[in-house]
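The following pair of complexes shares a single chain, subunit A, combined with subunit B in the former and subunit C in the latter.
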Partner chain A sequence: MSGALAVASWVLLAAGSVFAVVGGVGIVRLPDFFTRMHGAGITDTMGAALILGGLLCQSPDWQVAVKLLMILAFLFITSPTSGHALARAALANGLKPRLDERETEATSSTP
Partner chain B sequence: MKYLVSLFLLLSMTWLLWSGIWEALTLTLGLVSCIAIVAFVRRMGVVDEEGALVEFALRPVLYIPWLLWEILKANVDVALLILSPTLHISPRVIRVKAGQRTGLGLVVHANSITLTPGTVSIDIEGDTIVIHALTRESAQGVESGVMDRKVTALEGRH
Partner chain C sequence: MLDVTMVAILVTMALALARASMGPTVFDRILAVNMFGTKTVLLIAVIGFLTDRPEFLDLGLVYALINFIGVVALLRFIRFGHFAEPDEAERMDR
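Let's look at the complex of A and B:
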């Protein structure tokens, strides 16, 4: 593996890890269930994409690369689907999103 | 018939890409399983444009890079928001009319909204997507309707 590719790989892996951690921080810091889902979304998209991109730079042949890309494609389909199921389950069980008090009059459309 | 052929090609391509072993036995096994699956699917009567993706598969070439760029921008915004000491969020629920005519198009639209951090689609009521947005800016991004138009363009004519 050439030097430039190794550097690219580690930069992507490090950046992906940072975004994954930021997503985790978001889950802790954000106030309620629905806002926390946005934090989890960072880990799911940016964290996963950058880490897989970093691994892609290290793949020994095109086949490993294809499989990594497929993992990414499936992640990008399954993670919003599961997120949607999660949000619907919360709504169905009567959990209301906490909205911004200052602006609820303008957008009072809570289901 | 068109869908059966495209499904067969898709399955064969998947087999070749993922196995990578060019020996007679493996290739025969792959061929047999592809034919068997096409036969099963035909018997079950579930062959349609969603299963075979014959028309849908080519157009995302332009959509995916655009979506990835949107995801990147939104990720940076939300990451900075989370790390900012004041945590200045104003969560809201908005409703956006979706112009898609097919179920698959609606799924792509709703999933694209969820993939973009700052907005999560939490429900679908007919042709309206209910979205939870983290800030006013992220809500405005969805309300602008750019994504809606792009996904509708993906559907093409049906």
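Let's look at the complex of A and C:
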């Protein structure tokens, strides 16, 4: 592995780790369900893409690279789909996003 | 660097498990478990590189496909709001 590729791999892996932990903290600390989806979305997109990209820089041959790209493609198709379905199911089951107080009063009177 | 990434993924999985165990609504739990599944795929890939065994990537692919099955189950959830049988669901909706 050449030097530049190793440095790129380290940078991508470090950034992916940071995004993964930040999203994990977000899913615990944020106040309601729709804000927690934001934290989960960070780990599913930035964390996964950066970590798999960092591994891609270290892949010894093209078969490993193709497998990594396939994992990346599956994650990028399924995780936004499940997030969208989950948000719609939560809304359909009457879970209200937490809004600013005045805005809540203003919108609650409109149909 | 790979071990640092693995520790970060494990910490994230622990946080997701914490949310899954204490989440007030069922949607919080589903969100946390879905995130846990994604992190499992990443963890398997990183372990494969750490131990120099690229066959682990095949297992990661299988886990990604299992995640897809989870998405299909979620789409059923969006339709009925719960995992009961359709006639039972209709009775519960009315």
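Assume the second predicted complex is superposed on the first by the 101 of 111 C-alpha atoms of A that agree within 3 Å, B and C clash if a C-alpha of one lies under 4 Å from a C-alpha of the other, contacts with A are read in each partner's own complex, and residues count from 1 in each chain.
The working rule: a contact is a pair of C-beta atoms (placed from the backbone, for glycine too) under 8 Å apart; a residue touches a chain by one contact, two chains touch by 3 or more.
Computed from a predicted model, the values in this text were never measured in an experiment.
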| item | value |
| --- | --- |
| Clash or fit (per the criteria above) of subunit B with subunit C on subunit A | fit |
| First (subunit B), second (subunit C), both or neither touched by A:R88 | both |
| Subunit B versus subunit C as contact partner of A:H38, first or second or both or neither | first |
| Partner chain in contact with A:M46 - subunit B first, subunit C second, else both or neither | first |
| Touched partner set for A:L99, first subunit B, second subunit C, both or neither | first |
| Three-chain overlay, closest Cα atoms of subunit B and subunit C, distance in Å | 10 |
| Common ground on subunit A, meaning residues reached by subunit C in one complex and by subunit B in the other | 23, 25, 37, 44, 63, 67, 70, 77, 79, 81, 83, 88 |
| Residue ranges of subunit A in contact with subunit C within the complex | 9-10, 13-14, 16-18, 20-21, 23-25, 27-28, 33, 36-37, 40, 43-44, 47-48, 51-52, 54-55, 58-60, 63-64, 67-68, 70-71, 74-75, 77-79, 81-83, 85-86, 88-90, 92-93, 95 |
| Touching residues on subunit A, where the partner in the complex is subunit B | 19, 22-23, 25-26, 29-32, 34-35, 37-39, 41-42, 44-46, 49, 63, 66-67, 70, 76-77, 79-81, 83-84, 87-88, 91, 97-100, 102-104, 107, 109-111 |
| Subunit A-touching residues of subunit C, taken from the complex the two chains share | 1-2, 4-5, 7-9, 11-16, 18-19, 25, 27-28, 30-32, 34-35, 38-39, 41-42, 45-46, 49, 54, 57-58, 60-61, 64-65, 67-68, 70-71, 74-75, 77-78, 81 |
| Subunit A partner contacts - residues on subunit B that touch it in the complex | 17-18, 20, 68, 71-72, 75, 78-79, 82-83, 87, 89-95, 110-123, 130, 132, 134, 136 |
